[in-house]
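Mind having a look at this structure? Questions to follow.
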């Protein structure tokens, strides 16, 4: 029977963090020592990248390890808070159909630019014939309405961007 | 039969950190020495990337060239020269059975500690009933004999470590 | 035929259903929780819709949310898979009320078979032998003693609303009754919302054998042979095979007939499974319960029959006739399934975490049903099934060898799995010779 | 039975052989080049041995090295797979001389069938129809003209030692002969070391159909039905299926009988394939050549017969009798194979590089034979086959739908593959209706 050989790199185990911090410290030392401007290093595949930009910086600069965050998922088309700093996103708390008004002929609860109070009704989500009134969780100005009237929405789908006030 | 399976390359083994730090130091030295602005190196896949940005910052005035050589191969399980700096590894040039002497009763061609000349016979590899005499490609001292007599060897398997002399 | 099916499930079974829908040209909507938003079924579906947060109660068990999702996506049918809402008759009722086809049996059949004590009565009335014991829920300790003595010790107390091995307790003598009765009642109440329990004879050298049935809306029903699911740990199946080894021809055909009789008693439509205990010593068998849904282990039946059971479920739900008779069902060769769970193979403790490498097995006679990819973070909210490896061979010996080599070549890194357990069982003499009766955890029992 | 087999190949076929060896309890040694030292077959083998550097000449084609590897590892047999040394009669001779069993036919049969002109003579003498044309290599331009006019234009000039579609040239009229003759001779010499060429009639609406045969050392032979391999690009097969669609019962049984006759003419032992052109208009068929090895596309035959052809090869090589007669061979359902190559799906230029993600398809009726893993650097030294996806259905329509969904769910990232080509063919009306004759590259020709 085949010896259980490990397939390729995957130094993900515990201790990996200690190792990478220690590695960053030591590589930073090499950078300072040699007056370089950049070292990239990868332990698993033995990868090294060394850089020195034309105006060599002061050799005393300490090496700062830059943590790289990895998100290995296929990005989904979602208006994220990160993209609109300072704004609050109101998300659908349930699956259903989004309505901007209480009835087809009625005026919309809110329009873009309106100032709303905390707890003010923003829209209705119809689910299983029930009309669920969705209230604003902040006071502020409605910057953007992200869903068209009478469209289906999923749980967590962004509906409104609101700029908090007061 | 013990197949000539060598220990896996273990790029992520315990010695990998030492190796990659040492590699960074050495590559950094090359960078400084040559007045380059960038070296990318990958030991496992034999990847080299050498860069020097047009306004050469270093006093060296050689023509600004950007050479990029890339050869991706799978890492080979080899007792690397890097791991034993200054030593030359003699590898099996063919598959077969390794013999240290010309006949069962004869004295071995070489022993550990012996000084050998370039072209001197180190061993025999028997393949398809043919006795292939394997010659040293350097002059030096035999530091280590890595394979037992009458053992099978695979292509590229390290046989001797030799410290070059003269 | 349906235009679009909403899949109200996750993991390998969501992918399983999606695959057949795609082959049938039916669009799919995978309803998922936030925790599964990047899962393989969601990626591969034609559409997906988030129905709630990670907690199953708020998403996969959230009837309002699932129904709304089906409505707003214009789905015309819902496939519940197994677990979650698959055996919830209220959900099936609501689907019907909302004009959605529930892909499964009628709510009435789910309700009748869902009550385990009532199911026993139905089976007995249909002439199907049941394990001796109480027909009705036990009212109190006295009834429990009476029932246990009637069946003869050892007996088992079981939650009427239970399933999946939970809420069960072996009682070996009269002295144990009071404490076991109280404990089992409490457990049943906590786990299933009903503290009704009943009592049945416990068979020491028992094999767990179940028969797959299919019924259409015209009252046509066939069986697709049986599966042996005796290799379990804590009453959870780990290895299943078809046909069941070491059954006499008489026992085998008796099981098939009994299963059809039980199914007929509730006018069963769709795919269902009738579960039996077989006494390894005598060959006598006893009805335990009927599962009114597709089973995790359905692929072993697919392997030996060549039939796609999900396709049959969908066709039947759409009102199509079965289209073949019992005589046309050919059982060919031998199939085994191993469940690769994210669990410690010794303690069976869950091993949720991050899968860093996944190399599934392949080649001749090997099928893999899995939502795994690498990297993949196994969410801690749901069950631990990562992959089903199914092999098919000309006979049982070939299937065992094939499963061994398939599991030896499988790589799952980053978490622990049940593969080492499976390899131990596959190398066990009692298993290889088909002599095993029940196998619980690492303990193998020759029957 | 053998104790240990040396596998003198790489990629998916090395893995394929290894899997069957493991199921049979035979130890494996994978002989590999330095470029494949970390490959999946090497990792999964019981043992591995490096036989040379990346260049195939110095490793996989290096007879001395392969033989030494078998000797020093105490192997008792060598499986050559396909390509490399599989049809080299000298290698088979040397194996025999060194006391190693070559898993394949006798060197004599390889030699006889390896010379394409001689193979035609053998077939004709056995009563098997051959494509009209020259029996013997063409000496000069005059003989070429004479042969071409005898067969009737259009004709094809082919290298006697050729194969895999190389060294072939279609000639549509007398005026084209001189240039075509010279060019084809030069190409044959350069590619195969022999500039001998012959001439045969070119059939416009031709289907490429081949018959799988098995023969044992007792002279028992069976066929395992036929495969249609008409979907090609630059004469390289890309999609294969079994049974061949749109053949009359008469043509089909004629092909089977002819294949057995050709095999009998060389006392064929082991698995072999007799290739024919079938005129789509008339149903007439013509012998082209016999491949004296396992074929890439053997899994479609395994799917419809339930037989493991590698196991049969090994059993036969070990001297075991076939053990079943023609009547016992049952052909069940329909199977299709798509070759997923590392190639641009438009230009078919090789796309070697780094595979960064690999999610194989799975589920009911899907088999994957692949040495892929992620990450994996596709070496530029060898052929471009990455994975074979094989599906099995009850009929051709079901198999096509299943293949479509399997390829849609397959993910190979980092390099280009032929999957988009396959999906185009699977959606093409001529292919779906089985009306195609030959399909070259992206051009589909209704026959």
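Just so it is clear, A, B, C and D label the chains in written order, and each chain counts residues from 1 on its own.
Here, contacts are C-beta pairs under 8 Å (C-beta built on N, C-alpha and C of every residue); 3 or more make two chains touch, one makes a residue touch a chain.
Predicted model only: the values in this text are computed from it and were never measured.
> Which neighbours does chain A have in common with chain D?
B, C
> Taking each chain's centre as the mean of its CA atoms, which one is farthest from the centre of chain D?
If we average the C-alpha coordinates per chain, A ends up farthest from chain D.
> Quick check: how many Å separate the C-alpha centres of chain B and chain C?
About 58 Å separates the centre of chain B from that of chain C.
> Take the average of all CA coordinates in chain C, do the same for chain D, and state the distance between these two points in whole angstrom.
42
> Starting from the mean Cα coordinates of chain B and chain D, work out the distance between those two points in Å.
So the centre of chain B lies 40 Å away from the centre of chain D.
> Just give me the whole-number Å value for how far the CA centre of chain A lies from that of chain B.
47
> If you look at chain B, which of its residues touch at least two other chains?
45
> Could you tell me which residues belong to chain C and also touch two or more other chains?
359, 408-409
> What residues of chain D sit close enough to touch chain C in their complex?
15-16, 19-20, 22-25, 40, 44, 299, 302, 306, 308, 332-333, 359-360, 362-370, 373-374, 394, 398, 401-402, 404-405, 408-409
> Any idea which chain A residues touch chain B in the complex?
Counting only chain A, the residues touching chain B are 5-6, 9, 11, 19, 22-23, 26-27, 30-31, 34-36, 39-56.
> Would you tell me which residues of chain C are touching chain A in their complex?
So the residues of chain C touching chain A come out as 34, 37-38, 43, 49-53, 59, 64-65, 67-69, 71-73, 98, 354, 356-357, 359, 375, 408-409, 411, 413-414.
> Any idea which chain A residues touch chain C in the complex?
Its residues touching chain C are 1-2, 6-8, 10, 12, 72-74, 76, 94-97, 127-128, 152-157.
> Residues of chain B touching chain A in their complex?
By the definition above, chain B touches chain A via 8, 11-12, 16-17, 19-21, 23-25, 27-29, 31-32, 36-45, 47, 53, 55, 57.
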